[in-house]
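Common to both upcoming complexes is subunit A, partnered first by subunit B, then by subunit C.
Right after this comes the complex of A and B.
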């Protein structure tokens, strides 16, 4: 039987990841189906009751992939409970009667990139450590470029010439990731996209007074847009400048080096690290307040302990600094309309606040 | 100078150590009363609604203590190494307390493997903050730590003799010590069991140097859950039934318990989730039917 590999959905990062896996394993890759309401339903049905939402989405992705013929599943890990997902998901899927091999990248309590090499070697005998790390670096570079493009879009969306053009150019960038591979191609791809984007924006001072909103919270809700009902796209479509710190570049690279900086920033409120992204969120909230942002949206799945710990601190910041923060919690109930209404109301409120401040 | 000790969370594991440490230093301390409805209500008001039940109770206890003492003891616990981490709630409990209560005075110690904070040094630091020289604090810690270990050994042996000698049916309650020992969570359940002539075995009293938890779970990295799995491995064939006790919405338990239920298919296991609603009728019904199953009563 031919090996077919699958992995859980994680925002738009499935583009570089599927190229990476193809290069490493040299077999078929089953790209997880786009996350939908149905994914959540299947996942929630087979999950423990009050486990956090990413678990349910991941499990739904796995079941959908297994149904379309995958027989090797890959799960990463790290941070809070995420590191323990793999083992429980494997047990649940085995009990459901599927036949598959599970590659869990957790080793001794932390995410290990080297363990993945050892696992991949079992399936692709020709793989050697140099080519493996070459592919890792190229993929990281791809991801880094993607994040740069994303940040550019969030910053400049209010200047775009026709509605939605930047998001369309972003999509074409992803298609080119699949076609061309390597450092040089990545670099070319990045500059092509950036050039196209620059041609389609016009820095107009009348747009400078648009709202600025910062998105904080748990990483999966932020990165996997479907899990947070496309809040970010909704804001971008309304030409609101969005700041989002959490992306894969931040989680894999930047986060390791800036704990001290964050602690210095948040020293009035936090003494110790809160676990996972708690401290980051508090420090980033303070940072955007200093920069004069209009509002903050904090998102988390239900029962996400690190973010729940950050909530009382953010509430205190909201009171002290007089800035509106909208707290959103997502669970397996699919309620797109309700969330949109709340976002609309929040934006209206921010606009009114801004007008009031102007008039005074 | 009076130190206030909240009777919640790590009190239930380390109370003996704290008490003897303060006794040895001749520091006065008060302990908040057993969790009651008022404390729970206060804790509910003070914390965000999605916080887990033990953390809500903890804030209630601190609220009780804050005006009655000079310092409140609020430790932070991250873990002793990479694979023995605490629940993530305890990483942030200190900062939550600081941000919830205005101008609260706390003494804390911080057990953190990343910073290399060992338990002894942290206790000496705490002693210094209370105004003692480091050698005095060090001596007091050594003495109390020895007593603490003896006490735990004694408790374990007491339970062991129960398991061996008791003629009654035995039920193992698997949970964290702060659930088992709390008046509003675990004590409710053990009281119902005892009134039905069941011998209660508690996972929190088990101690062992060997790690057998890998039989059930290979990638576990929480020390408290590891204690649960170790005690499960030790007692599972010597008891008649197992109760998995969880407080709502405990993040670690919901995954670990799922795994336990899936791996141990031939044992009598019931999973009980307790939340802040104080209705005991449903609980009594479930426990009674579980006791009927243990006693082999069929309709």
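Right after this comes the complex of A and C.
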């Protein structure tokens, strides 16, 4: 039987990841279906009720992929409950009667890129360590460029010439990731996209006073738009400048060298690491307040413990620094209207505050 | 000819409507149950407003509440806005120096903090409906009393038991337990009012500085028992306005007035037949729920689609 590999959805990162897996395994890749409410329904049905939301989405992705013929599944992990996703999901799927091999990238409680090499070697005998790390680096570079583009869009969306043009250009960037591979191509792709974007924006002062909002919170809610009711796109469509620190570049690279700096920044509020991105969010909240942002939206899935520890600290910051923070908790509920009401009211409120400050 | 403005607030449980004149005075108002059918409720509401003021020159309509899009499209509204902004504007027009608005409605509860006439912070319940009107009314049914009498019964209580304030399901089992222990009905009802207040303060009001003057509104504000529990817990006077349940409608009418967008409103709307049709678009994996609204078999609007593919044009 031919090997078919699949992995859970994670925002738009499935583009570089599918290219990477193809190069490593030299076999078919089943790209997970776009995450929809259907995914969540299947996932929630087969998950423990009180597990965090990303688990349910991931499991839904796996089941959808298994149904379309995948027989090797890959799961990563992180510093919170995410670290146990692999084992539990493997057990649940085996109980459901699916036949597959599970590659869990967690080793001794931490995420290991080298373990993946050993696993991949079992399927692709010709793979050697140099080509493996070459592909890892190219993929990281691809991801890095994607994130740079994303950050550019968030910063400049208020200047775009026609509505939604930057988001469309971003989509064409992803298509080119699939077509061309390698350091040079990745760099070329980045400059092509950036050039197209620069042609479609016009920096003029009338837009400078648009709202600036920072998105903080748990990584899956932030990166997988479907899990957070497309809040980021909603803000971008309304030409609001968005800052979001959490992306794969941050999680895989920057975060490793950042802890001291973050602790120094947040020293009045936190003295030790809160686990996962708790400390990062507190420090980043303080950073954007210093930069004069208008508001912060903090989102987390129901029962996410690192973020629950961060919430009271953020509430205190909100009181001390007089900045509004909107706290959102997501669960497997489909009332999109309820979320929209809150976001809309939040934007109204920020605009009212801004007008008042201008008049004073 | 004088200009008038209409504001309609369609909530999960009740539908509220007001007509105001240029100075913001309410000249007609009504309050009725939505009964799960917002279109019918609004038709009845328009009928009732019509019968109290006649055919006057309503130049602009605003809608708010959870069914605001649907009703806004049907009434051809000039503004469709969320209820938080509407409540703030409505209350500020009555109590100029209000600092805190406590709002408890049928399915949601919110707190709005105001500083010098500007909303500076708000919070709304997210995934828990404990301590809202729907919970109180289901408990009233269990106890066999009318929800309208709830407050006056609670007032009689002298010794209220503590009920769990964490979760509506636990509060309910606590309540049954207290009844079986032999507590009087009025005491348990008072305990329930206390638990709603505690739940509100622990959930929605968590970490917010509640400063006087405090205005309490929404359907539950009509319940004197909850009002007194709030006063006891916050150690401060809590204002309940006469029209406290209509503040959302008043606010959206004022917003419609401020918007300066004028679209003549026709009271005939009550005679038309509106049909909505919902279906899941199957053109991609998003499976959006697309809703079509027909006015006498003529398609007037569709909404709910995320992309162009789901768009239906007449």
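FYI, the second predicted complex is superposed on the first by the 360 of 360 C-alpha atoms of A that agree within 3 Å, B and C clash if a C-alpha of one lies under 4 Å from a C-alpha of the other, contacts with A are read in each partner's own complex, and residues count from 1 in each chain.
By our rule, contacts are C-beta pairs under 8 Å (C-beta built on N, C-alpha and C of every residue); 3 or more make two chains touch, one makes a residue touch a chain.
Just so it is clear, the model here is predicted, and its values are computed rather than measured.
After superposition onto subunit A, the partners subunit B and subunit C occupy separate space and fit alongside each other.
Using the contact criterion defined above for the overlaid structures, shared-chain residue A:305 touches subunit B, although it does not reach subunit C. By the touch criterion defined above, A:66 reaches neither subunit B nor subunit C. Judged by the touch definition given at the top, the superposed model places A:329 against both subunit B and subunit C. After overlaying the two complexes on the shared chain, residue contacts for A:86 are found with subunit B alone; subunit C is out of touch.
By the touch criterion defined above, A:109 lies against subunit B but remains apart from subunit C after alignment on the C-alpha atoms of chain A. When the two complexes are laid over each other on chain A, the CA centres of subunit B and subunit C sit 80 degrees apart as seen from the CA centre of subunit A, to the nearest 10.
In the overlay built on the shared chain, the residue A:24 is in contact with neither subunit B nor subunit C. Of the two partner chains, subunit C is the only one that A:356 touches; subunit B does not reach it. Counting residues of subunit A touched by each partner, subunit B versus subunit C, the larger count belongs to B. Once the two complexes are overlaid on the shared chain, A:271 sits against subunit B while remaining clear of subunit C. The minimum CA-CA separation between subunit B and subunit C in the overlaid arrangement is 5 Å, rounded to the whole angstrom. Touched by subunit B in one complex and by subunit C in the other are residues 302, 312, 315-316, 329 of subunit A. By the touch rule above, subunit C contacts subunit A in their complex via residues 66, 81-85, 108, 116-124, 126-127, 206-207, 209, 284-287.
Across the complex, subunit A meets subunit C through its residues 33-34, 36-38, 302, 312, 315-316, 318-319, 322, 324, 327-329, 331, 333, 337-338, 340-342, 344-346, 348-349, 352-353, 355-356. Residue ranges of subunit A in contact with subunit B, taken from their complex: 48-52, 55, 77, 80-81, 83-88, 91-92, 95, 104, 106-110, 269-276, 278, 302-306, 308-313, 315-316, 329. On subunit B, the positions that touch subunit A within their shared complex are 47-48, 50-52, 76, 78, 82-83, 85, 87-89, 91-96, 98-100, 110, 112, 217-221, 248-252, 254-259, 262-263, 273.
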